Amino acid sequence: MDLSVRIGSLVLKSPLMSASGCFGYGLEYADIVDLSSLGAVVVKGLFLKEREGHPPPRIVETPSGMLNAIGLQGIGVHRFVREKMPELRRLGAVVIVNVCGSSIDEYAEVTRILSDCEGVAAIELNISCPNIKEGGIQFGCNLASTGEVVAAVRRATALPLIPKLTPNVTSVPSFARAAEENGADAVSLVNTFLAMVIDPETRRPAISNGMGGLSGPAIRPIAVRMVYECAKQVRIPVIGMGGISSARDVLEFMIAGATAVQVGTANFVDPFIWPRLQAGIEDYMTRHGVARVADLVGTVDF
Amino acid sequence: MDLSVRIGSLVLKSPLMSASGCFGYGLEYADIVDLSSLGAVVVKGLFLKEREGHPPPRIVETPSGMLNAIGLQGIGVHRFVREKMPELRRLGAVVIVNVCGSSIDEYAEVTRILSDCEGVAAIELNISCPNIKEGGIQFGCNLASTGEVVAAVRRATALPLIPKLTPNVTSVPSFARAAEENGADAVSLVNTFLAMVIDPETRRPAISNGMGGLSGPAIRPIAVRMVYECAKQVRIPVIGMGGISSARDVLEFMIAGATAVQVGTANFVDPFIWPRLQAGIEDYMTRHGVARVADLVGTVDF
Amino acid sequence: MPPLDVPALVLRNTHLSPDYNVLHLEAPAIAAASQPGQFVMIRTAAGTDPLLRRPFSVFEVLRDAAGSPSGISVLSKRIGPGTARLYDAAAGDRLLVLGPLGKPFSLVSPPAEAWMVAGGVGLAPFATLTEALRSTGAPARLFYGGRTRADLFYLDWFASRGVTLDLATEDGSLGAHGRVTAPLDDALRARAASLPVTLYACGPEPMLKAVAGLARTYGRSSQLSTERIMGCGLGGCYSCVVRVREAGGAPHFVRSCLNGPVFNGDDLVWE
Amino acid sequence: MPPLDVPALVLRNTHLSPDYNVLHLEAPAIAAASQPGQFVMIRTAAGTDPLLRRPFSVFEVLRDAAGSPSGISVLSKRIGPGTARLYDAAAGDRLLVLGPLGKPFSLVSPPAEAWMVAGGVGLAPFATLTEALRSTGAPARLFYGGRTRADLFYLDWFASRGVTLDLATEDGSLGAHGRVTAPLDDALRARAASLPVTLYACGPEPMLKAVAGLARTYGRSSQLSTERIMGCGLGGCYSCVVRVREAGGAPHFVRSCLNGPVFNGDDLVWE
């Protein structure tokens, strides 16, 4: 059974990836998950410098979902390369780094540093974090800026480049096209939905940042729709995510048009999910006589 | 305790309304709900003519939500005025009609007919149904068209005019402003989120229309955010909805900025919810020493 | 009577098989008002998972020692999260039960016979129908099909109430080998046209369609209990429509929760 | 040992009060690996409501007849949907339990004394700590506060293990009237500086802050068990941060699920 999928020049042994920000730097999970068994480990968003993030409370549970505004706390690209990459390499992880920036220059600079680091397999360009002012959303909600930042980072790296798109726009496919036209090798979607929970007893937002990003099963039907729409409008691969919690959900996204998928919130609920997802995909392929998982991509009958 | 709220020239005895399409024509619920106890009964979307709607399956359950593509099956405005309004008047319901159209002329025409009908208290302009091509979404996703259709219907009626906005856009507040500038007395939001469920076993969408609108608790945090944003940017009242299932949720929307609220999906789960919502609001007002529910509107501390 | 919503106590949960169970629910007022063919909407869990209620036929009307209606039972087949929760319910739990809902069967009187046709869990509405027919005196016959013999339940119950049983299993382990519509066809063919029969059917849609076809072929009237995905059960959502052709009119969609779930087989239009 | 995720059988659910319960869970491997102060993440329901797991201290390590660890108990206070489900759990249910997680308390040895300070359900980590201290021989004392006498549990359990009890209730119904930090302050003041004491505290944040202050005032070391909202318990989400100042460095956020939940009171920076 062939579970491999291709993202640009990269051939992954499985379509399953961890979603950025939901799997730490990967190493946190190294003693319970075989990192080399994943298609890729997408690590937490990195800026050039270290960042403190927002004060707690940073998350709140919502119906079948969660709201987060972590604020991209992180160790910065230099410490990541120094402190995390050696161990990730040793464990055989295919590492995709989620790159953040407050300016086009910062995006390009972080990307350049990572491109010089052995073992970084691809760049996921985070132009869609809804939770901090400089989180890229000013790039990700404007077509021209999306094109500009993608083009600039394209010039900075030969690695596969995967802009990560926000769902908080009228037409996600136009952003996917802008990414494609400016040299992206794939797009990933969706990042979280900008959302808000207010506690009526205190009349204050439930998380310190006021607003946050909604993830989890609640958003899955919207994410599937966006993946379907984007996959029809671009030729580059689409990496789908949003609420995936079971093999059924992985298959739903792939049939909608995703070449690979990422799992975020469900990994919090069930960090031992990975082998079960893979077994479920294999079971489906056996039952439906599918030899290569890539043959499922975009096969929705609609 | 004063539960009354004001929407344009209309004073409602309570901020609680049924959401369009989730309460039939109101009469279906007349023997279990005292229709005159609601702030308003918002009835199912009406075109000029009768409509068959989409073939079943028309709904599918999703995590903490549901997807629907009913396709605006309905009896048309003439039969509504003739067959439903007399009984609604007799029961003392404050009736708001959700008006649909495939053209600006149709919106205006349906509105004119309703304006001549005794007992119709306001017009909710449905420019946001995601489920049919002519469901208004071509108006509701474009700022200029939104302005145009609101202006045209404004000329057709003296009734309070409430454009209902779609959440499937980058900036809901700009649409709220376009509505306000063109004479709307209030805006209501959110309509459903365009979404999709695919059954991997059949590789076909779960509902006949392929895509549908997501409603229910799943979407609540996104809807609260949009209500908050809009209420800050317009002076006219905002009527909030999206996943409201308890008095806590009503209060959350009002504190975020909603002057009144609508309840849709939760009425399916619990048609006896209305007196409980009211009791919960009153309990909150007692505990927090709030004399007039209108004093809560937009009081979020953020 | 307008429908009620009661937090019904689970009195007993009997597992008939790995899929099928019968839940006894305390709900006197709903029990007293229920007519054969009506249904209830059950909230299978507090909270939002599952979110919507699930529709179930009233299987039996339970009675207390004095013979007064004290509750209802539902016969449930486990196919997804909602029915799984009903399968796992324990005595002492409470479930919100909304009902009775929908249009019931019309009863026939002698000399007409009532032939019930049940596929799988489609048996559910026929226990109350059997009780009601005993009061009209119309002879009752049950054509009952399932996958295998272990999927056919309550045979003694029906037999002991004078119902003639015609069974069919797809694997031939009990009764006729194959679909239940085959013995039904034979029986209809064998019955003199002068002797009136009304068909009552509940089961998978292909079975209903076949029964409607047989009814037409043999000039019999039929009452079919449809099963559509229902969002509300009260006419609020328009999710549950079936296409009907009413006298003279063009086919159009009507809500099966209000205008059904029982329809005249001649009125239904199959896509 | 890496944490395990086991579908633990509920052996028993003891309701201590209308809010508090103790769940006995079969989980030998987790029990064997747990150290005082560690926690587990429990999935309180299948499905998505509630979605995330909830963190609970390991309350007791259960042992079989031969004395081998067979499971754990958790002491839970019902405050929302997750703890409500634990309150309602029945023997025979299964709950996914992930653990053991986090950094444990460091133990002290005689002549140092261990003074435990518990506010409400903050009692939870101190049963296992008491057992462990018995092996070092360090004298143990428990300052334990609650709203009212009915909210103080397991007093005999601690007393029978040689723990000196100092109780306080906010309504004065048992022990000192007011906060538990008042008798603690008195006791610290009374103790000669030459006699070593380590404070161990778990409870509401204002109490932890007060204990940290007292520790500083009297020059004692403190180990505080923090309670932050946790999304994962494994370091994946960065939701559970507390601000610490490590030797010389500027204050910064660290994950309490990995670097805690137990912190040195001197390191914590309160906002």
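For clarity, chains are labelled A, B, C and D in written order, and residue numbers in each chain start from 1.
By our rule, contacts are C-beta pairs under 8 Å (C-beta built on N, C-alpha and C of every residue); 3 or more make two chains touch, one makes a residue touch a chain.
Note that this is a predicted model, so its numbers are computed, not measured.
Chemist: Please give the intersection of the contact partners of chain A with those of chain C.
Modeler: B, D
Chemist: Compare the CA centroid of chain B with every other chain's and tell me the farthest one.
Modeler: The most distant chain relative to chain B turns out to be D.
Chemist: Starting from the mean Cα coordinates of chain A and chain D, work out the distance between those two points in Å.
Modeler: Once rounded, the distance between the two centres reads 36 Å.
Chemist: In whole angstrom, what separates the CA-based centres of chain C and chain D?
Modeler: The mean C-alpha positions of chain C and chain D differ by 54 Å.
Chemist: In angstrom, rounded to a whole number, how far apart do the mean CA points of chain B and chain D lie?
Modeler: Chain centroid spacing, chain B to chain D, equals 48 Å.
Chemist: Where in chain D do residues touch two or more of the other chains?
Modeler: Residues 48-49.
Chemist: On chain A, where are the residues touching two or more other chains?
Modeler: 63-65, 216-218
Chemist: Hey, how would you classify the chain contact layout here, line, ring, star, complete or other?
Modeler: complete
Chemist: Over in the complex, which chain A residues touch chain B? Could you list them?
Modeler: Against chain B, the touching part of chain A is residues 62-65, 67, 141, 168-170, 193-200, 202-205, 210-211, 214, 216-222, 224-225, 228, 243, 248, 251-252, 255-256, 284, 299-302.
Chemist: Touching residues of chain B toward chain D in the complex: what are they?
Modeler: It comes out as residues 63-64.
Chemist: Which residues, counting only chain C, touch chain B once they are in their complex?
Modeler: Where chain C meets chain B, its residues are 2-3, 5, 43, 48-53, 96, 98, 228-229, 231-232, 234-243, 252-253, 258, 271.
Chemist: Flag every residue of chain B that touches chain C in the complex, lowest number first.
Modeler: Per the touch definition, chain B meets chain C at residues 21-24, 28-29, 31-32, 44, 52-53, 55-61, 63-66, 68, 70, 73, 216-218, 245, 265, 267-272.
Chemist: Under the definition above, what is the set of chain C residues touching chain D in their complex?
Modeler: Residues 45, 47-50, 81, 90 of chain C touch chain D in their complex.
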